[in-house]
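Please see the structure below; I have some questions.
Letters A, B and C mark the chains in the order given here, with residues in each chain numbered from 1 onward.
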């Protein structure tokens, strides 16, 4: 159908600007209340040690390193291999409201928290690790697959009999139509799964994070450096070793590499967990007054203050992420960076997105002292590096294509007049997707003494108070779902979708 | 003919899309057995009208939308096979993606011979030319094996001789057909009823025998307007600007 | 575990993995140096296995909470807990019992340490100069890094830590606490005395930058705790046997993993004060 692009463009730019303006104003308002104090510190001794460790990595047990690398990949690979078909099935049913809510609920809980929950049920085991990645990833796959399907042309579907079953319809039209989009998204999520798998080491699974956390905690920075480099290398080389032909072989290898479960036998614990542990005692005893009292106290002491802190941090981190993206992506593109700058630029983005936020947050804590500032910086750099990488890739994919002209301006002018306007809608879309993620991640910054929701959730697990943990996780999940819905609305309003609509 | 059942019925039907009137008080009735050609300049509402008709009894219709509704990643065989999906069980349909089903393989091989595509049977669609793609789309419509054919410019990209032959074949295989065309001669030679549209309205609806080329040309000239063709912005490469 | 049973773990995610009923499993998180746990405690497992005549395995965990969880759902039957985590674990598993504690754990203590910028001097008691400073505990579930320091802060000031200090963080670990206070990221910190002494000895601490300003009274800390149902599973008298084997552990190489001089008998009652302290500050109901 013929549209009038000029009119559309003008109106969509106006909405786009309005949405961006609203976000910046919200972040500026958050600055007024957010706790971003800078404390005088004396970090150079410790920072020098960290620097030495990163420059001179050392690891004297290659076997342990290889094993944990292997297990990091094994968890990620198996979880993705299982989550993709499940996500696909749910995406086909995404027109059911119940399915949409279910997916929103399972993806709104951070992998670490899923890990902590499944650990109550399955102990420290391969099952726990797999489920911790598998469950939220299934929710994410379902949502994104459904969105990809929505963007496909309707014509092929129209040539089918209207009474055709869903499975056949998808197998012959929507899935092959969107095949390359699905594959590239799965590839991207596999990288995310590797990060999640590494991070799960923080709670005890035998992946890279296990050793990284220990090395960092004990101040053994050259070991931490070696682990970080190993992880960066793993991420950087994915496209060289992750060949579809080798997938069956890798799956077999991954199953063989899974850690064995030691001594876990109590399977009857599930019922106890869902029926007793996660409910406050007064509620279980049907003392309604006391139960109300319990919830009120929780709300005023933890839920409300945690909610405010989380939202303030998220809002600032979101806008700062956009700044990081705009500042870094040109260095990693073919047309703006050029051959000399592009590889260092890509390397910088690789480092930013491969370094866990916790590590970044710790370095900034040493630099600026304890406040929201290290958290905001860590979140913005990590997520900014990730989005800038995706934006730069999109630019490279277009370089030399139909839309480029030999008389295009160069350098800064090209950045301002050609590349940034072209990338902006997609960048905004990525940013909105990451909003949810930033929200989830801002919850894990307890070391900074910032009482986000995640701080209280972590405390509840430490104190073995699953009733509190459950309530707080539920609140976080609801908040996530709200943010998700808001970001979807804003995305539609700003026409930020990369596809036509 | 008048004793045949009425398949499509529109009375003073109007439709607005995005503030534009695309169908303006269209009244129309088409009976089973009729072969109707739909003419008119671009933007006259032919595609919209076909879509309205499709919605009236989708389960009896083999539809060939503009562009064919093809799936690029799949082979010619699979794209034609899609027409038979409602005749095959789910498991068999899924298995067919891995290994073509024998009976369908034979039937579709035969069909592609008629279409002149026998050497391309296992090529994926993105490797084909525009004319070849259109023949695949025709193949799918034929393989739907429905009594009614609705085609939106079904032969616009194939060469004139082939267009004649394919159109003949399509009309022979379907009891009823409503086909939009831009070639007036094809309309006059192959169809028994011609409807001309302009600005969302039906401005002529007569038996083909009552019309000739010149009479049809008149409808086009009256309405030809400069803004009707608009180049897609992404197609204006630098070569055009430079010339 | 064979390839097959690993594959089963993948296929039947919803089902619990298979039990290795005849293996006696323990876990331990030492208060200092958590690196190479598997190698160091593998040796302890070998010693226990040899002495007890059962298959013994060690699994490493990352936090007290994970240790308690594993103990509760019977993934481990024996654990080297901190004072507080032992109390929490024994409340969750009926009939479980403290068997032995480290020699040093009979009179454990915590240090309050300060960065030089805080301008604090060592004193007999916690002074009002602490007010408004930034402060970090160790791990949230630690006895020496959290529970006892918080108890004495509340006793001295009659207020919660968040009201005394301008900011309260949880470094997650004693070594981190020292590093963060030494770098000035936090001005004050509370730390396990044994870790401080060890790092001082190893030359990791610059006493011009960070020093001890107060020492808590002594309290009981780390102990071995065993599940009550081990006798039923591994034979009558098994619990006593484990206690004896732990008390007889005198190989310095094994003891260095904890690190403790030796183990001495302990009972649940020894930890009564810890339990009441935890209740007093709201960590236990």
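Following the convention adopted for this analysis, a residue touches a chain if its C-beta (ideal position, glycine included) is under 8 Å from a C-beta of that chain, and two chains touch if they have at least 3 such contacts.
In UniProt terms the chains read A = Phosphonate ABC transporter permease protein phnE; B = Phosphonate ABC transporter ATP-binding protein; C = Phosphonate ABC transporter phosphate-binding periplasmic component.
Note that the coordinates shown come from a computational prediction; the quantities given were computed from them, not determined experimentally.
Trainee: Could you say which chain's mean Cα position falls nearest to the mean Cα position of the entire protein shown?
Mentor: Per-chain C-alpha centroids ranked by distance to the global centroid put A first.
Trainee: Quick one: point me to the chain whose Cα centre is farthest from that of chain C.
Mentor: Checked the centroid distances; the maximum from chain C is B.
Trainee: Could you please state the distance in Å, as a whole number, between where the Cα atoms of chain B are centred and where those of chain C are centred?
Mentor: The separation of the two C-alpha centroids amounts to 76 Å.
Trainee: Could you give the separation in Å between the centres of chain A and chain B, each centre being the mean of its C-alpha atoms?
Mentor: Going by mean C-alpha positions, chain A sits 46 Å from chain B.
Trainee: Using mean CA coordinates as chain centres, what's the gap between chain A and chain C in Å?
Mentor: 32
Trainee: Quick check on the complex: what are the chain A residues that touch chain C?
Mentor: Against chain C, the touching part of chain A is residues 39-43, 45-47, 61, 78, 82, 116, 119-127, 130-131, 134, 202-204, 210-211, 213-215, 217-220, 223, 255-256, 258, 260-267, 269, 281, 365-366, 369-371, 446-449, 458-459, 461-464.
Trainee: Would you tell me which residues of chain A are touching chain B in their complex?
Mentor: For chain A paired with chain B, touching residues are 1-3, 5, 153, 155-165, 167-169, 171-173, 176-177, 179-180, 402-403, 405-407.
Trainee: For the complex, which residues does chain C have touching chain A?
Mentor: Residue positions touching the partner: 1, 3, 6-7, 9-10, 13, 15-21, 23, 25, 33-37, 57, 59-66, 68-70, 73-77, 88, 92, 115, 117, 134, 136, 139-141, 167-173, 175-176, 179-180, 182-186, 204, 206, 209, 283-285.
Trainee: Please name which positions on chain B make contact with chain A in the complex.
Mentor: 17-18, 43, 54, 58-59, 62-74, 78, 81-83, 85-86, 88, 90, 93-94, 97, 137, 140-141, 144, 230, 233-235, 237-238, 241
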